[in-house]
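What follows is chain A paired twice: with chain B in the first complex and chain C in the second.
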Partner chain A sequence: MNSGLSAEFTALLPRIETLVVVLFFALFAMSFDFISGYTGYLSFGHAAFYGTGAYLVALAANDKLPLLGPETPFMLLLVLAGVAAAALALAIGSVSFRLSGVYFAMITLGFSQVLYVFVRDWDFVSTAPRDGVAVTEKLEGFQIGVPGVDALNVAIGQLTGDSVEGLLGFITLSPTEVSFYAIGAVVLVCYLAMQRLVHSPFGRTLIAIRENEERARAIGYNTYAYKLRAFVASGFFAGVAGALFVGFRRSVTPENGFYFLVAGDALLVSIIGGFGTLAGPLYGELFDAGVREFLSKEGGGGGLLPYLRANVGDATLATDIYNGLTVAEATDTFLNGHAALYVGLLFVLFVLYVPNGLLGTARDRMGGTLSKAVPRRLRRWFDG
Partner chain B sequence: MSAAVSALSAVPVLSVLSALPALPLQFADALFEFLAPSTLGEVIVRGLAEASLYVMIAAGLTLVFGLMGVLNFAHGSLTMLGAYLGGLVLVITVAQSTGGVGRLLAFGAAVVVAFGGLAALGGALEVGLVRPIYDRPPLYQILLTFGVTLVLDELARIVVLFYGLQPTTVWQDVLGTKPAFLADSIGVAGVSASGLELFHVLFGVATVVGVHLFLTRTRYGLFVRAGSEDSEMLSALGVDVNRVFTVVFALGTGIAGAAGVLLAWDPAWGASVPLGAETLLPAFVVVIVGGLGTFRGTVVAALIVGLVDSTMTWWFQNVVSFTGLPEMVVFLVLVITLIVKPQGLYGVSEVGGH
Partner chain C sequence: MLRTRGLTKRFGGLTAVDAVDFDLGGDELCSLIGPNGAGKTTFFNLLTGVLEPTEGTVELRTGPASTDGASGAGDDGNGDGDDWRDLTGAAPHEVANLGVHRSYQVTNVFANSTVLENVRVAAQAADGAGTNFWRNAGQLDRYIEEAYDILDRVGLADSADVPARALSHGAKRQLEVGVALAGDPDVLLLDEPNAGVSSESVDRVVDLIEDVAADHAVLLVEHNMDIVMEVSDRVVVLNQGAVIADDEPAAVRDDPAVQRAYLGGYEPGTAGGDAAEGTGDPDGADGTDGGEPA
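Up next is the complex of A and B:
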């Protein structure tokens, strides 16, 4: 970090805390993309599964659930969160897949909003259900690792996580960095599992349903059963993502768990990254989080505002642009904390001009998935 | 594992049961009180007032969907912009000393300005953004208008903050421009209703009649109805379908703007940036329950949702101590309608390829 451009890098690149959020939210967006991008059925109520996973972990840690206490291993909770979300997906999906198109989007939205209102006002979850649940009964961090082997577990969380010093003689990691790798490992496993499903005959059938459902049905596929199974799988991974969210942040509110705009964010990053490409949402979320942090209000760590303060002269910042509005005030008014405006504009431009998203377009350009196309190109280039 | 899951599912049921009155006797008492003529009358009047608001919010959405098959996710944000625009007109024109009639005239001016401003914006949106993607799958129109919502909400937040107001709280100055007699309650035959509720009903009825007359009595209304059936055939008959689309989109957003002004005077809603998301969801519920694209269905659905909402509000205030009851039941109406009648009450399946 001592290169000539280190100030620029600090300003442009997101902090490690943001990157952890990118990981578990990307997993949620991938699970959304798994059902919506591959079958073409817009699951607008997908937040219900994310919220279910998140609340399950928070309630279990606060000793509110029967059979599950604060001592329940987090790895078990991850699976249970997935199973609970999958069971919910089975219930919602078995009713919703009788509909299609916009009606499907609306009935899933309806289900998730019913749950949102219910959780928001149900005083069982906490004394102030509108403010959500914070993990208060469990003081130590949630542990990710190999179940049963104490040495192979690490605690996650910004304050409660483990730090690593001198591993293999030279690796030293802060608690947030440990969380990054631990959560990253879970996300990777989930990604590989979904990747496996997508490239199996099962996944091909989902694409057939998206391209022409009538035809898929005509050749004898029970499309209802395929869609439902995909929905349940998608719900499972959304639940795991929600569990990771609470594992790291140790609190959840109805607004960032169950509200329909959570699914809206997943939709946004899926489109920017590439709808119908499983890895796309990760890049979309990275892009979205990067822009948001670059234009964040407090500008802690990196971002535009500290960079301008440090590198642009006071005289420039105090220059009048229009009617007493200085450059500093203008960035404060129009840029900082208003990333949603620019992300929204980019999103509209993506829908209009880059409908395949970042990864989808890159694949189209290269003629295949990047892992295959890039080595092929390189080989051709070297062979001259 | 399965034991744990079934134990989990048992928890909510138990807690809901305990939230409801345990004794059937108490329930019967409440039912008896609810069915008393004066209570029932008040609930119905309030329900009609809410139905009027819902029909105002949803009318534009259903017109646009019926003709173009575009589910406009930006509709709520346009209502919010209308609330601010109308609120601005009201705050500028109404002084402390303005009388009741003067304030009503100012309200009329605010509705005209909001309708005009939003119609212009809607027309521009249709020509610039929506028109290029009519031939794409319906998903992309949802995505595009969703993106427009993000942009409009954030722009509104920037402007509102710039003028020193809080975007998330209701703009109180607008509520202050309401004439005093609208806050009074009027009693007729033992049923008391607030002036504002009657004002809403009046406004809602006028909108329904207006849109109905537009659809059935004007040349453009004829084009709209014909275009909903088969827009290709309509253009083959020599009608400039693109212009019809633009006009209907502008009209739909204009109605959303007018609805916003009405909401800006209602203390239960008020002008604020979150108003966009708050109105979008009930508008969806009404439009979907009625059946996408049928104006008659929207009116009936608005009545159903309004009455259900006011009934549940009474039950929540008097019997059941669950704050979210009215809102939750409104979404349950959506879910149950779609389960029982998948195309909505009056819906036809083929609109817009959905």
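Up next is the complex of A and C:
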């Protein structure tokens, strides 16, 4: 694209690599929102399920697990990762749901930190467990698609993925773009499944528990059993998200799998996107990743800093502002590597002024879910 | 329908409920009265599994009734055709699923859900459908229709789409009863449904109580003696955790012990139909004790 604004678009829009990460991390954040936003129980240890899914795929691909090898189809691994995480959720949840409020959050956090420390020092996973596991035994990419039909499978990964050229005569996609659509399809299926749960009588019961657990019990709901079921379902989808993460990145470390701040990021994007909205965390993650990338210097050409460097005149950049500090140095000081700081400030502003998050606020304004409110508005607009 | 034997609850040194033998008949409206702190709400909490009794039993009749008498006294549950189910120590949701539902003294509903959803989610619970995770709740018309029927009955059909928190106080009290009704109970425990309701709205709630009593066994906690005298088949008086009278309304009213402990010279229809209040009990401190003149 060579329009007049291409430099601005390059600076503003996240790269495709970032968007792939947005997809699978958003799935994880949605699974976090499914339990925390709908039942009101903050699952601070949610990283345990993400890490479990991720490690299961990495270990299977390195032929470390019985019955599973590098040849195991990735679609099967996705399900197994979900099941393993769900089983872990059943174990953790059956203990943790005996507590409520901040104690629940703390005990789930405790469980996930125990697993984090354990995985960090467990030399079964790799020779240097602190550095995590990289997929070394499987050279080709993990394949997403319809099981059993080769033509309907694509490999994902930045280096190992398939590229598409001339599909239908005009569609050409890089491996990362193929990964984007393939992972997006899995995320979409998972989202639709969770949405189904949220709108079912079961989901309504979860909302009743969030609104008033005492009354929910008094009208005949065994709230413990309901919360546990929701936790297991949530763990399943968190495990799938972790599996997608390794499928694309082909490595995982204790820090980006099991560490409690992984769940912290899910909480952050859930609040930015809208707590208890299910789809909100996707927008929250998109917003968060977009802002981070815009404010960081990484990414050839993208972001604010490279944009300023390229487009602000040399004379301006060399201007002395204060005591020998030039404009170039000042922008460097304030922008370079400080994305997290600004995101933190934005987060504070969100909690203060947009407590319902992006999607929650949009729904409040429109008076209902967007899928219903937007067509209604359009119809009214067209009808005059 | 529901009975207790020697039901006792102690909190440390305080005996809140003291060896209560109580029977509720299947088609009866029994009022439970007593000064603040007499143990009425604790008694409710024991019946519904919120608290576990220190001693004694709670039983619910689950089989056919041989007698449906007002008192039910003398039923020992042995060989007379009645089946009694022990509720002692059961969890609140188990009690509810066996058909004993309650309303609360302080409105305790799903505040951010709509009025319709409040009742719908209770109707869905009564059917055990809360585990259904594959259907869209908005398309299960059965529960929605059931909920509308109940909203009609409690007089809230016009407010179906309003969030419960936005209702007026009187309407919240009606919803409180509606949520309890939606569980399709056999026994309904109403904890001061009139608490804090303005005098204009009291009639509506009283009509609702009488309507509900027509097809449920009802245990009513009520401070307004005019209402108690009007609607009750039987009145049980609790004082310091113990039953001091258990009889027809007129007999209870004239009982000297009751007069001394609670009624304090109550005359029907006089201004301030409420019985003795303000004995320094926390129950009364929140101002929800129905202090409207009758």
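In the analysis below, the second predicted complex is superposed on the first by the 382 of 384 C-alpha atoms of A that agree within 3 Å, B and C clash if a C-alpha of one lies under 4 Å from a C-alpha of the other, contacts with A are read in each partner's own complex, and residues count from 1 in each chain.
In this text, a residue touches a chain if its C-beta (ideal position, glycine included) is under 8 Å from a C-beta of that chain, and two chains touch if they have at least 3 such contacts.
The structure presented is a predicted model; accordingly, all values stated were derived computationally and were not measured.
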Problem set entry | Simultaneous placement of chain C and chain B on chain A, clash or fit | fit
Exercise. Does the superposition put A:A266 against chain B (first), chain C (second), both, or neither?
Worked result: neither
Exercise. So, does A:L197 touch the first partner chain B, the second partner chain C, both, or neither?
Worked result: second
Problem set entry | First (chain B), second (chain C), both or neither touched by A:S100 | first
For this session: For A:A289, decide between first (touching chain B), second (touching chain C), both and neither.
Result: neither
Problem set entry | Which superposed partner A:E211 touches (first chain B, second chain C, both, neither) | second
Exercise. Among the partners chain B and chain C, which is in contact with a greater number of residues of chain A?
Worked result: B
Exercise. Once both structures are aligned on chain A, how many angstrom separate the closest C-alpha atoms of chain B and chain C?
Worked result: 13
For this session: For chain A, give the residues common to its interface with chain B and its interface with chain C.
Result: none
Seminar exercise, completed: The chain A residues in contact with chain C across the complex are 196-197, 199-205, 207-208, 211-212, 214-223, 226, 229
For this session: Please give the residue numbers of chain B that touch chain A in the complex, ascending.
Result: 1, 3-5, 7-9, 11-12, 15, 71, 129, 132-133, 136-140, 142-144, 146-151, 153-155, 157-158, 161-162, 277, 281, 284-285, 288, 292, 322-324, 327-328, 331-332, 334-335, 338-339, 342-343, 352-354
For this session: Can you check the complex and tell me which residues of chain A touch chain B?
Result: 40, 42, 56, 65-68, 80, 83-84, 87, 95, 98-103, 105-107, 109-111, 113-114, 117-118, 120-122, 124, 260-261, 264, 267-268, 271, 333-334, 338, 340-341, 343-345, 347-348, 351-352, 355
Problem set entry | Contact set on chain C toward chain A in their complex | 48, 50, 91-94, 96-97, 101-102, 104, 108-113, 117, 120-122, 124-126, 129-138, 140, 143, 179-180, 182-183
